[in-house]
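Down below is the structure, laid out as structure tokens.
Chains here go by letter, A, B, C and D, matching the order in which they are written, and residues are numbered from 1 within each.
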């Protein structure tokens, strides 16, 4: 395995697809959205991405087998719209890795002739959210205007903000290549996995893309994931003392 | 010395050997098992591995001489079974080093025509262990089934688990090369070096490999190591204030 | 994008220009000074510098569009004096990046035939400043003498001091190339953005360069920035809990 | 400047010199010893070593000029004994840098045909030292025996010890090249710069090398340095709040 290893699982042809990124982040909002889309659309995994910049770990699956930490790209095709969906276990854990991996994602985007990129995430406000809102950023003024028409908010009065990780770099580095890109952030507390915020983001995204999608499954998934999180949090508390010291930890 | 330096001490021929990894980790379980095996089987050291990815330190031996921090590979041959045993002082302390070193271990494994890899470690549960158990993960479903027959537990109901470091990566990166690999984790509190858990892992491993091995020496070693740990812990407490600040520390 | 990417926006010819560096640092003193100069002189941006050594983030502008974290070089020309002004969002966040980026800045300085470099920053004293002072360091004894004549203080009685980051390395690495360079540090508390200290530094710098400049705009800017800082600090407090844990943070 | 830059200031010929390393570390013992030797012997600086692996900073000298963070090698020649003395501002602050820099030191050692290396440091025990002692480690058993005759202690009953940084790696990596090397550690509390411990180490080293040296200057220097340390500590306390946050710090 090299610094980055691209495993092409299947060759597909797509027609100027839209790329949608949903990697782990605040409230896990972006990942929840794209996982729901992959399931509902029966999107097909076509690429796996492995890298030294991901944590040195494997995940144990339900059947007892393992797989390396990785990112994945799914494809979906329809007469009106083609999609490339990017998700995964983790973002880079090195500084340069964020840049290097995002460039690889853009190489793939260009190879498929991507027409536009949407990056999805959460925008933590530090307290409970009363009204679901989606705020945005884009790499061209035209996209800002277009997004506004779909109810995406842009907060002009708050300068100095930044977007960290792949969701931000895909816009910044995408701009260098002339690929239009938008970031949609669901407002969330930032404390917990937030499927409600994910639903708000998905609703806006579907409107923009002209897609219809059953939200019910996401609600179910949301409830299920909340239970998992609760269980993980209990496990984590129990294992916390073990993590002290400088030994490697095996967390199953 | 380069990024990784392989010192071949002796050329040996092995017949489709089984590779067993036991590097430092939770409860030091994996390392305790392989150290016992090396001693009992009189396995012979054939390779030393040095790397920038190990901590920049030397260890002082009983005779006052030093040696660099390193990993080691031992060989053992018998009419029925050949072994390659991987152990060492430390795992990588850089992120990419985990990947790079594991690939080197697999290069060596392939050179010897390894038939199968067992990685050994501890699985910390954060409280005292009442009943000795060995849980597992593997990189093929067939191996999961085979291991189950030897009493290894696979915890289907607990998703989201991961194995960090060489014990995990040897399975994940080994799968990419088509090398079957199993991870055996002794359940342990995670607070202390745990030779009891090591015995449980060794017992299962011997059953799988069809090896007979005196456990008595491990029990003795366990007691002895517990005394060492106690002494080290006292020394560490005494030296703790010295470690504050940004100076390098000399710990003897 | 490579490890460092230099974007030349405009080709200009300058006559043995003076380079002035003001990157983020203690009290933001250096950056405040050069931002004021760029505005007052209507200096023109000629170069953008992108790098893996900057944080992996984009900044959201008032119009909702984003731009990558970067450093920038501005040019200004007059019959008596030409300037190259270096500023930016961040300094390197890796150790080697500080060295690598500073060498790039010096490559650019040499290409333009820079006659002299001034690096600007704050010198934090840990308590409120009663009297505005500017202390200095230089990479030749002649420059020390010259600066003294302009009221820059050199603190001979305090050995062991150091200057960290680009403001220091431009002097040290500049010396290797034979480029005369001075560091001017405005004494500041170190707790807050300090436009008053920036004014003191700018006043000395203008005297040295024989430049006349309206300070009024800096005063206004100072007040405005203080309000921004207050608002940011409140936002930061509100978002602080979200930042715990190991997830990526989206801070707008 | 490259990853490592060797500046040869003067070409000298030495006769199988002994190399003595004294870089910053516990109690600053090693550096105090070699600084005293350089002064007393009027050793001449012949090499400067710069590297990305050192902190990105310059030091301000008494005359207001700066110099880059670096390591230095001094030469001293006499009819009976030639010396190469390695000292400097800092050790590497990256993991791989420790290995890479130590290899460079050994390249230089080999070029001069070094007969033997002594690395000097402190051995922190976490409480006040009542009786000055020097403990050792070496990279051959013969050297251990030889050192014992000069009163150096080797603590056989304390296994598991290690020596971190250049003082350790010069022994470990030196062994790979067949260069005999000894580490002498002055027992010290580990809390403060310890010129008393430095005197103990110097006394043993002089006995081994057959050198006579006035200790009085070291005593004076010790007192002087203790005053400096006190002053630095007060400055540090005053500046501590400034260091919070993620901005670069300018510490003069």
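The definition used in the following text is that a contact is a pair of C-beta atoms (placed from the backbone, for glycine too) under 8 Å apart; a residue touches a chain by one contact, two chains touch by 3 or more.
Owing to the predicted nature of the structure, the values given are computational and were not obtained by experimental measurement.
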| item | value |
| --- | --- |
| Partner chains shared by chain B and chain D (touch criterion as defined above) | none |
| Chain C reached from chain B - shortest hop count over touching chains | 2 |
| Size of the rotation, in steps of 5 degrees, that lays the CA trace of chain C over chain D | 90 |
| Same-residue or different-residue interface between chain A and chain B, half as cut-off | different |
| Taking each chain's C-alpha mean as its centre, the one farthest from chain D | A |
| Approximate Å spacing (C-alpha centroids) for the pair chain A, chain C | 35 |
| Between chain A and chain D, centroid-to-centroid distance (C-alpha), Å | 50 |
| Where chain A touches two or more other chains at once, by residue number | none |
| Contact pairs between chains, per stated definition | A-B, A-C, B-D, C-D |
| Touching residues (chain side chain C, partner chain A) in the complex | 1, 3, 52-53, 55-69, 93-94, 228, 232, 235, 238-242, 247-252 |
| Parts of chain A lying in touch with chain C, wherever the complex brings them together | 24-26, 28, 91-92, 95-96, 98-100, 102-103, 121-127, 135-141, 144, 147, 154-156, 158-165, 167-169, 171-173, 175-176, 183, 185, 189-191 |
